[in-house]
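We just call them A, B and C in the order they show up, numbering each chain from 1.
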Amino acid sequence: MRMSLRTGDLVPVTLLAGLALLPFAAAAADEPFFTAFFARVLIYAIAATALNVALGLGGLVSLGHALFLGLGMYSVALPAHFGIANGWLHLAACVASCGVVGLLTGYVSLRTSGIAFIMITLAFAQMGYFLVVSLKQFGGDDGMAIAAASEFFGFSLGSGNAVYAVAFCVLVALTVWIARLRSAPFGMTLRAGRQNARRVASVGLALPRYQLAAYVLSAVLCGLAGMLLANLSAYASPSSMSWMVSGELIVMVVLGGMGSVFGPFLGAIAFLGIEEVLKAFTEHWMAVFGLLILGVALLGKAGIAGLLARSNRSISAASKGVKAPLLAESGVRP
Amino acid sequence: MSALLQTEKLTKRYGALVVTDDVSLEVQAGELHAIIGPNGAGKTTLINQLSGELAPNSGSVRFAGKDVTATGINGRARQGLLRSYQITSVFDEFTVRENATLAALGTQRHAFSFWTSLLGDSKALAAANEGIAAAGLAAHADIPASALGYGERRQLELAMALAARPRFLLLDEPMAGMSVQESAAVVTLLQSLKRKYTILLVEHDMNAVFALADRISVLVYGKLLVTGTPEEIRNNAEVRAIYLGEEEVVA
Amino acid sequence: MTFSLLLAQLLNGLQYGVLLFLLAAGLTLVFGIMSFVNLAHGSLYMLGAYAAAVVTGATGSFALGVVAALATGTAVGMLLEWAAVSRLYRRDHLDHVLATFGLVLFFNEVTRMIWGPQPLFVTLPEALSGTIEIFGFTYPAYRFLIIAVGLAVAVGSSWLIHRTRVGMLVRAGSVNPQMVGALGVNIRLLNAMLFALGAALAALAGAMAAPILSVQSGMGEAVLITTLVVIVIGGIGSVSGAFYAAIIVGLTDTLGRTYLPLLMREFASRDIANAAGPALASMLVYLLMAVVLAVRPQGLFPAHKG
């Protein structure tokens, strides 16, 4: 098992360690707001990580991932509405709905590429949005309050601390897995497809199959984030399914560093952090934010992880006085 | 002697233009067969139909006795029909070893593996290392493809094809853009591969073709003009007429 | 299911369709020729609507409002193209998505800043707010005007594309953009003009839609997505495809919303029909897109033949 720690990784790892301690500090200082806020950060980091599988690794620009976030939310809200609080059932509903919808929409969308692909994922997400909005008996436009939190063998996700703990564990587990996935045959195939799709067939691999699998995987993981979000806010609303949210997820992935391991986590922190800071300065923070995003797009896409990687030196190599190759290890596009 | 690869009346049209005209070709197992022809003869189009990138309008392609006309590129690769590209096409972000190992894995198994590293697959890695060594890139195995020089990238193309444990190598102008020394090195390399693999070589470099080929086919305006040993081709009046003024056929 | 209801809905569908065409025409060219994903197209529509609403409110003349919208669309389009879009042509689509997404957020907030979150309304002048009678059936005059304007633009763009040199460059560009540049055509100027034209058409659509919809921040997004559906169905880069697809989508959506709930009530209980009817109707257009994609991924009337 080859997982060398590099200097560029120290920042996100330290942040994660800090976040592990945060709820205790927040409880001690009697400021539950911080726990709730960072729980949201963790949840969006999970969603961004999910998107990273399709977008960062596979190069599939999906503008429709908010759909899966919403499906995850409603797979808690709907059963809860009918009095079902069993977390395992919520989970099954989430995996099933996101899996099936991901498979169907992914299959149709992957019949195209480029601009058409982007637009079709957007259109499908919008379809889901309108469908939910039109279901007036489940709150429609306003959404619905969630009557009961998910319960797993007596452990309830009803408190901010519980959601925080689960979200943290899920994020760490996912991050470790993505680190492995990048270098595993599945991840390598996706990354190869992003570099040179034509060549993938000539090494014997049917790329569309792997892209579809990545899309479905990405959908299900995003749904998990939705489940956690529903439990955190005790509310499910179509507004979290709007394409704006899909766009925000893309910004997080790119801001953090596409295809990198810690990118989505860093991106989520940066995005939500900047949002909070700007909100404190002006009520028209979105205008500034929009221009910032434009700036990020114009300036280029190595992301925060890319910036950190520039200072990379494999720790063992440093001790031998040898400079390790930058690009191959960091996996960030030059 | 059995034909490992054969085409029958292969035809490809673009509108009114016939690019591949009723080509019936066969490559014997174990031989190095070269295809030559003036520019615009349709060599690349023919190769694309052999590797599976292009579907013919009519005619068939048989590989190891099986009809592969409807099989796609990845299917043919998995059956052992590998190709290298005239315009180098590799995975720039990956190292030489990663490129070769992916080629080895993709053609032998599948890539639905989500935890163990690609390079941790011992069988694929072994095949990759063999391919890299045979192509002469062992010293550069852990360098990203983007950092390789032009000649080395061509070697990587070959390494990837070899790592896939091919039965048949389709080489599209492997010496394109090379200096005299580099070409000579490639000729030596191909000599070493000759008996181990069946090779179909498309080349303009006549020195190399006549040094390497067991048999040569001449393609003109999409039609197969003649197939024969290097001696027969050298002495063929029609072939000389085509090439007179274009290239001096070296004795 | 009376005949006059059917006729009214057909005309409504046609009217919605031509509005979609105004938006789709510019966008499909930007997609097809410059390969640029412009999510901010809806913002240009919104700015056109605001310009029309503000100027009509100030001067009392709707005509002036439309002119203002055209001017605004062209100006903002040219500014955006020069400042941001032209720098992004060579980048990949993800960069386009990011940049134009940022612009959408920016424009939505700016309109909120200036005019607040409450919608603006446009009161039509006397001449346009009446009805017209055909075959003993009355239909709002203004909606007829929209249809007329839309068809005029369709005819005009067809003339432009098939009968002028610029149009020939546009057609060539949608099939082979690099070649057109290599021919020595001032591709930068052509791109800028195309983008500005698309922006102007979007703004015109906004101005025409303003009297019948509410003008507010964020109005561009819903219509943008329907426009994307139109372009996908019609075929990217094809203006004629955009026209036919726009009419198809307009009719499907309008007729679907009217008749599908009615139809469902024939087959299902009242409760289910009332719940599922509108839901299904709103999904109809997307289902249509999915079917087209499954069968003909390049669209129904693609720019290249074969």
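Keep this in mind: contacts are C-beta pairs under 8 Å (C-beta built on N, C-alpha and C of every residue); 3 or more make two chains touch, one makes a residue touch a chain.
Treat the numbers as computed from the prediction; the structure is a model and nothing was measured.
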Chain closest to the assembly centre - both centres taken as Cα means: A
Taking each chain's C-alpha mean as its centre, the one farthest from chain C: B
Mean-CA-position distance for chain C and chain A (Å): 32
Between chain C and chain B, distance of the C-alpha-averaged centres to the nearest whole Å: 50
Chain A and chain B, separation of their C-alpha mean positions in angstrom: 43
Residues of chain A engaged with two or more neighbouring chains: none
Multi-chain contact residues (two or more partners), chain C: none
Numbers and ranges of chain B residues touching at least 2 other chains: none
Residues on chain A engaged by chain C in the complex (per definition of touch): 55, 61, 63, 108-109, 111-112, 114-116, 118-120, 122-124, 126-127, 130-131, 133-137, 243-244, 247, 250-251, 254, 284, 286-287, 289-298, 301
Residues on chain B engaged by chain A in the complex (per definition of touch): 51, 72-74, 77-78, 82-83, 89-95, 98, 102-103, 105-108, 110-119, 121, 142-144, 146-147, 160, 164
Parts of chain A lying in touch with chain B, wherever the complex brings them together: 2, 177, 180-181, 183-189, 191-192, 195-196, 198-206, 210, 213, 325, 327-328, 331, 333-334
Contacting residues of chain C [partner chain A, same complex]: 31, 35, 37, 39, 84, 87-88, 93-99, 101-110, 112-113, 221, 225, 228-229, 231-232, 236, 275, 278-279, 282-283, 286-287, 289-290, 293-294, 297
